[in-house]
């Protein structure tokens, strides 16, 4: 089966970038099957993503990276070239709500996910059976509310041992400590159960019910040290009315959370999300 | 053409309300063409709205009101019975953005609005031509930023002289003084150009752009003394991406604002919106 | 835990129905927690659904049914009164696509479904493991393309033995024979993977791709003898563009199918769907 | 104010197109502010659209066209380069429903439209006042149901005299004759009041109501000789229920029609729509 290289670039915008990069690719025989680019006028920054049929390139991925290095330097690029044969490794963290995890496991087993779930970490034992039935290791790491240090040290070593590329907080109701946020910056994805920036913090559906909003939402974002304030990848909403109790909002919300997390994670794993300050460029 | 009575009730919830009210109506020959009800479990309050074919009733509207009085007292109702032949009078207030006004004028002339626009008040002269072409009076009331008292006194007397039942702030960029908010409580409808409670206050599309949200929205709500915090009638959203400038958000937003205001105002004029604390019951 | 009676009525529309029924309920002490009604002007038919707190009624469900009989006769009602303690029994039928089944199993185990899945029937063996892990019986009934009689006879006896109240065709790619459609009229729910009436029949996503539509959809409907033509319960859509292959449409479609089927089935199991000719009244 | 060149290309897909075109542009100093491309794998055809800051180019538009000619020949391109200073001229045709025309006139006067409405043609006299108030000529061309030849000959000469680049059928309820469809192929845009391919032909909202669908829609498409079958540019939907009469569907539909036509026309006028057989590539 054919594989691809994904070239992702961000750099100061100036004339000739596309010509230079596309010339480089076609000069090596490369067939570009998907191309996206964006110029951010306010910041003067340029973003691009190319999907290149690997078999069309006349050299290995490593050689291609080396050959591209001078181009990257010339344009002061932050860049990466990934081979789709190297599938990202995903660790999922959960508390007691299983809907997002069940959804991700289905998408993984159905072949919808471009990456592999390699383990699940939880502060509760509830989902061990289901996770192990999928052939995955389950790590129950209880979090002591008075001192969370030990728990997060264990989590960090588990994530490291699992060689995770991406960590998904799939309704993991604990706040990650700053050192973890920094260490895995741009690689930890959270699903927050409100339409941020509305209703950050705890019990957002109850906050929404109290305010009498007519739409509730969910937000998939990168985790940063500031709670619920990281770069937003995706959001969606569900219509509600006076008929609905907070419990109904929770139930509707589950479906929105699943959908928003699945889309956000998919785009992340397909290298479609570029972080730009506290915002994202998403080549969906 | 047939007209209707609209009976709108809110009262403490207890057994037998529906039986009593529907029995009263059918006892007078009344044919109920639309019925809505809601029990709010948290507050123990009950809400209902009946639409009754006027010709099916064996007495006048006033007589019906009198006859209903003992029922209302028995159940401690707040209630109103409106004859649809008495069309509500609507005053629209605008600043410089015309999209909501143009939309409302179209709906009125097309017969989509159950009420009549009777005048337009603005702190700018820009829309006089268009408004007068529709055969409506236009009142240019400039607002002196250093002392707004005189302007709002004039506005109050204009609204009074126009015998307005409802005042619509169709992107009127001034904050109403507390006395006006109180005097017209539950009768002043505002369209706010954000998905409240996100981005209350000024320049919400720019706030939204800065935060990098993936959906923008608009909110139609009753005006109260606290800015952008009144009971929400309707909300909707529009999807945006990194491609879009604040200017694009403004443009998309106009369409959402028009739609949300039109729906909210329609429901209000059709007596479908019941205020309940800082929330609304909307029998849409 | 409190249980409810659900009274569902359809009858010729005439004055006094609501008064009579609500009077009957409150006369027996009944507390109505949710009420919905609809007058279809074109056909002159009336529909209503009451949810009544069972503990508030001064007699048993059977006695209540008997007591209501004269009222029902008087108004020529088709009606049912169901006790929510008697949970509907659901049989799910699938072929090879598992997404709808996985979703329904999750909702059932999470307590989101007002009914119980009691067995799964498939013309393929693929999902036995997953289904049995949920503690449910799995019946593999291969369908011989040249003569389907034996297979559908076995299916009929399985459904009967499982005492199914509702049969869900969760992407079961076989057409039910007319005798089954008749026997289980109003109790077999299908999810069709297009926005009906567009693209009835086979391979709807490929049809949609060929036509170049900008939205794809899914439709949940009751099964009748005429293929894909039964009363529609629910529909929804997903936006697509020129970028998307038929395979993308299939993938997006799965999410729409799951959501639409889940909502349609939920409403059916909560007695919110009343069939009216080839249409439905849905008290959602 | 800065203007732009828009280069729109479609050609057989092969290696090096992007490199060649972007190299050509940057070789002439061109600053590309927006770039979109698409490879259609099934047909092997490639599509691209570049927006180029005109002031960054070291020659006139005509010279640029000439210089590009050899590149275009080399890759067998169908192409166009348009200067945004040459605003497209739009003729709107209407019957008796005014909502789409009112909406387009608002967008034009508000500066939202990248083109100019230059005249309105109608088979009814109703909208003359409104159109002329906007300073536009109004041509009342009655259509004789028994022989439409004369009317369409007059329409053709009016369109020609107005030097129309684009003709918008904004709820013009007549079918254009084949010769007009051919002459203005790819330049006549229709809004159809259904979610095509459902409910082509007459009275689609009544058809939708009869079928009991839960969503209605509208479709913006290019007009071809086959009725309601041309390439689709944009579609959208609105949720309906058993409560809604055909009249309600008509009213909801108006809002969908306005929105869908406005988006479709905008994309067309911004050269974002490329026709590909009976489908469109829309670089929205």
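Letters A, B, C and D mark the chains as written, and numbering starts fresh at 1 in each.
The definition used in the following text is that a residue touches a chain if its C-beta (ideal position, glycine included) is under 8 Å from a C-beta of that chain, and two chains touch if they have at least 3 such contacts.
Fair warning: this is a prediction, and the values are worked out from it, not measured in the lab.
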When chain A meets its copy chain B, do both sides use mostly the same residue numbers (more than half shared) or mostly different ones? same
Relative to chain C, largest Cα-centroid distance belongs to chain D
Cα superposition of chain C onto chain D: how big is the rotation, rounded to the nearest 5°? 180
Write down the chain pair with more C-beta contact pairs when A-C is set against A-D. A-D
So the centre of each chain is just the mean of its C-alpha atoms; given that, what is the distance between chain A and chain B in Å? 41
When the centre of a chain is set as the mean of its C-alpha atoms, what distance in Å lies between chain A and chain D? 37
Name the residues of chain C that each touch 2 or more other chains. 41
Inside the complex, what are the residues of chain A that reach chain C? 98-99, 102-103, 106, 110, 112, 133, 251, 255, 259, 262
Touching residues of chain D toward chain A in the complex: what are they? 15-16, 18-19, 22-23, 25-27, 29-35, 37, 39, 41, 56
Chain A-facing residues of chain B, complex: 38, 40-42, 195-199, 211-215, 217, 231-237, 241-243, 245, 276, 278-282, 284
